[in-house]
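Two complexes are shown next, each including chain A; its partner changes from chain B in the first to chain C in the second.
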Partner chain A sequence: MGYIADTSQFEKLFSYWKEEYEIWAPRRFQGGGRFSDTDAVRYARVDSPSEIEFEEKSAYSWKETVFPPSETLFYFSQNHVEEAEAPAKKRLVFLRSCDLAAVRRMDQIYLKNGDPDYYYARKRDGLAFVLIGCPHTCENGFCVSMGTNASDNYDMSVDVTDGAYYIDCPQEDWSRKLEELGAAPAEHKPSRVTENKVSVRIPDNLTYEVGKSTMWNQYDKRCINCGRCNFVCPTCTCFTMQDMYYDADGKVGERRRVQASCMVDGYTDVAGGASYRKKNGQRMRFKTLHKVLDFRERFGYQMCVGCGRCDDICPEYISFSHIINHLEEGMKEAQADDNSK
Partner chain B sequence: MTTANKYVPFPSRIEKVIRHTQIEYTFRMHFDQAEEKVKPGQFFEISMPKYGEAPISVSGIGKDSIDFTIRRVGVVTNEIFEHYEGQSLLIRGPYGNGFDFNDYNGSELIVVAGGTGVSPVRGVIDYYAHHPEKVDGITAIVGFKSPDDMLFRDDLAYWKEHIDFRMTVDSAKGREGYREGFVTAVVPELTPKDLANTKAIVVGPPPMMRFTIAGLIKLGIPEENIWLSQERKMCCGLGKCGHCKIGNTYVCLDGPVFPYLKSKTMVD
Partner chain C sequence: MDMNTKELKKNAFRVTKVRGVTSSRVRVPGGLLKAEYLGKIQKIAETYGNGTVNLTARQGFEIPGIPFEKIPEVNQALQEIIDGTGVNQTGKERGEGYPASGTRNVSACVGNRVCPYACYDTTALAQKIEKVIFPNDLHVKVVLTGCPNDCQKVRMGDIGIMGMTEPQFDPDRCVSCGACIKACRSKSVDALTSVRFRPERDSYKCIGCGECINACPDLAWTRSQKKYFRVTLLGRTGKKNPRMGVDFIKWADEDSIIQIIKNTYEYTRHYINPDSPGGKEHIGYIVDRTGTEEFLRWALKDVHLPDIAEVYTPLNWNGVEYAHNKYFGNQRYHENGTIVTDFSK
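Let's look at the complex of A and B:
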């Protein structure tokens, strides 16, 4: 059902949600940006609709709602192990279409690649999603090319225009609540981007052979392997175990998992000092092919959702969409090399 | 959805410590019904609270015990060496596919292993050394750095008596009775009866595996008859953490044992 709600009605809906949910949404942190006098927009708990940033794309993705930069798995106390408690409340997440598509990718890894992940599953069960409509494209996104610009698997969608909330609400309880609050019925479908400034084409003949191309060499030096592209990516799920101890003699502490990056040193280190993919260009190739080749080979659809956050955040101004668009030439080069041998 | 928490390790008692070298010990750990539940080639995550976890291959399987042969090379393994008999370690597993005896039964089997690479195949060699009727002959070629670095001395002695066993050391350090050189030098000397029915397993450092496999192929052993085990940084062992992924393959779920035909297509 569709509705138009005013601010007061939306605030009341918000209060109603808060009885059951903790609400997570993009939020503006003034002065928290990467450059002086800039703001940061990232996911955080919000207590009222006015705290939600409806306009600007969040620099970090929805994933922090369920996959925070650091998550305690259990506590050690001498020889005892005690599991960390689950969050007390279910979570309701405001997110855009690209991020909602990313939820499926995260489910794929955490619930369906091998046995389900306990810590993800217990949070995932209670998640509800409110789609934020996108009336226009963001700077670096290429969601249209990746087919993630439209979604229908939301509990509710909202477009905010001049203080009015345009809503589509398949969730029946919420729909009843909106009616009870006096929201005016009006059919509405969430706005969506139909054309981005950037488009990509993933070549049909793409194989691992593209690793032989010289296209990766430029990243050996240009890329400084800071890993920001991974940390902002809504589909990057990698983590590393980390033990933290509170006392000097190591009797009391916790094991965490912290977000990891395949671009950062140490990612592949094995005991004894060996490691794989020493050059940054090789790491770029590994990451790129995961996003547009090997995830699809394993699960049947592309991993990258085209949100463009990796391009937004890169301190070296490396463009991932540019890399994708270069793959076709890279394949030609790799195959030409093969033929000349 | 009810999901088991596979990240929480369980305590396992150290039943015995066998010292092979200065830096390599075997820890025999209690594990109920290990024979039914664990296969050679699988691995466990061993925890050292405060230091983290490390993936360690199973180097032996008893009725209710599993062996871990650990080389003291990292932060976690260093710490493990400070714990001895009577104490316990926190472990979780088993993970990975392990070796499938069905792949080798009835064939002539060649196993080539270097250094700690002997650990994951020890169970395979030992099984066929005790059940020679299951294969049409078994040859084990094992290499160590020097006589001081030899692992599983009791097993090596048994294999020497019961199967075609050959050992090399990179350097004999002046001692008599050792063949100096690499395992790769032994491979061309092999004379399998029927190449099409000869199977091979290779485990060791990446260059050793590369050259050994090249040698086996040159000998005429079909590529599809070769298996190997990959070592990667398995942080979770559950297909989630991503560290062991190679292309579309997760070493912890799909491996660590791979047919060579699959492995040769995997680009790190």
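Let's look at the complex of A and C:
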């Protein structure tokens, strides 16, 4: 059902949600940006609709709702282990179409790739989704090319225009609540981006052979392996474990998992001191082919959702969509090289 | 030809090598101006000067080749620029040009309007300070820079203001990538060490440059809401005892700095040598005469520093002493690097 709610009605809906849910959404942190006098927009808990940033794309993705940068799993002492407390409430997350498409990718890895991940599942269970409509494309996104611009598996969608909340609400309890609050019934479908400034084409003949191309070499120097592209990515799921001891005796402490990045030093370190993918170009190749080839081969659909956050944040202006669009040429080069042998 | 050179100089015109010809000195507080004023400067240079413009060391313009008789017209033409750059004209009629030239243009690096390293809006603070201290005949140089890189070379001024931020750490956003530790070690003072997978900041070492914040991929490090500054004192050039400004206060705030600047003017007015050439004396030389303690007694009057602030004690004066050469005139370096003294001199 569709509705138009005013601010006060939406606030009341919010209060109703809060009885059951902890609400996560893109939030503006004034002065919280990397550079002086800049803001940060990232996911965080919100207590009222006014705290939600509806306009600017969040620099960091929805994934922090269920997969924070650092998370304590359990506490241990010599003979005792205590699990870290699960969130007291279910979570409701405001997110855009690209991020909603990313939920499926996250679930794929954490729930359907072998045994379900316990710590992910306990946050994922009962997760509710409110889609934020996209009336216009963002700068670097290419959701249309990736087919992630029209996610419809939401509990509710909302477009905010001049203080009016245009709602589509398949969730029946919430529909009833909206009616009870006096929201005006009106058919509404969330606004969608139908054209991006950026489009990509992943070549049909893409194989790992493209790794032989020289296209990766430029990133040896251009990339600074900071990992921002991975940390902001709504589909990057890698983590590493840390056993953190509180004391020098090494008997009492906690086990954490923290987000890991295939671009950052240490990712391919193995016992004995070896490290694979030392060059940043090799890491870029690995990341790219995981996003647009390897995942698809395993699960039958593309991993990258085209949100463009990796482009937005790269301090060295390395564009992932630009890389994707060079794969075709890279394949030709790699195959020509093969033929000449 | 009759010309009161004292009045001429006070009006921001120079006595040049060529008799009867002057140059006009245009101040640009904070070093930022609307591009339209470049056109107006060009017009003055082409109408009254010799068609050239000098970019000065302190971010002003100097328009050379102006005949004395054109000064009133140049002052008329300067009015729009004076208005547009927000320069005070207290005590002067409009159209009569700059009312003083002793206190030098408050210069500033490009600051946080542009530069990712800058810790504050240098232009805005420079303009604010200009309003407080100008017009004034005392020869004072206030210099602002956005961060401890000190691109604006604040240590060459009487009052140097260097931006700082107090890094704030959110452990829940840290992924132990080590970028902050590497950045601090390679580009700054090595104030971070890894303790139990997390960076630990040595606040004694930290100079508040913000490298850790810029390096952090996950916003675990962010900037303090409050802006802080390092204040350096009494840098000077010249023919006696050039000296880099020395550290005075670390983690000062804006209000304290403005009060310190006002106090420094009070002190200078009180102690300046009335016979100093051209009424100009670097404050540093006055402090050499009165002693540092007396200067600090004036400078810190009614200053309420934030709790975090550290005042350097004692101040470590340094510098090159040209005049000392005469005592060492009988010494030279031998080819093998040792110093040879010629006792016959």
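Methods note: the second predicted complex is superposed on the first by the 341 of 341 C-alpha atoms of A that agree within 3 Å, B and C clash if a C-alpha of one lies under 4 Å from a C-alpha of the other, contacts with A are read in each partner's own complex, and residues count from 1 in each chain.
Keep in mind that, in the parts below, contacts are C-beta pairs under 8 Å (C-beta built on N, C-alpha and C of every residue); 3 or more make two chains touch, one makes a residue touch a chain.
Everything numeric here is computed off the predicted structure, so don't read it as measured data.
By the touch criterion stated above, A:Y110 is placed in contact with chain B alone, chain C being left untouched. Of the two partner chains placed by the overlay, only chain B lies in contact with A:Y119; chain C stays clear of it. Of the two partner chains placed by superposition, A:L181 touches none, neither chain B nor chain C. Residue contacts after overlaying the shared chain place A:D294 against chain B, while chain C stays out of touching range. Legend: residue contacts after superposition of the two complexes on their common chain; A:I318 is shown touching neither chain B nor chain C. When the two structures are aligned on the shared chain, A:R228 is found in touch with chain C, with no touch to chain B.
Contacts of A:S36 after superposition: chain C is touched, whereas chain B is not reached.
In the superposition on chain A, A:L127 makes contact with neither chain B nor chain C.
Between chain B and chain C, B contacts the larger number of chain A residues.
In the overlay built on the shared chain, the residue A:G272 is in contact with chain B alone; chain C does not reach it. Annotation: chain A residues 242, 245, 260 touch chain B in one complex and chain C in the other. Those residues of chain B that touch chain A in the shared complex are 1, 3-9, 11, 47, 49-54, 71, 73-74, 76-77, 88, 90, 205-206, 231-233, 235-236, 238-243, 245, 247-248, 250, 252-253, 265, 267-268. For chain C in complex with chain A, the residues that touch the partner chain are 112, 116, 118-121, 146, 163, 165, 171-179, 196-197, 210, 213-220, 222-223, 225, 227.
Chain A meets chain B in the complex at residues 73-74, 76, 79, 81, 83, 109-110, 113-119, 121-122, 125, 208, 211, 237-243, 245, 250, 253, 255, 257, 260, 262, 267-274, 276-277, 282, 286, 289-290, 293-295, 297-298. The touching residues of chain A, when paired with chain C in their complex, are 29, 31-37, 40, 42, 60, 68-70, 226-228, 231, 242, 244-245, 256, 258-261, 264-265.
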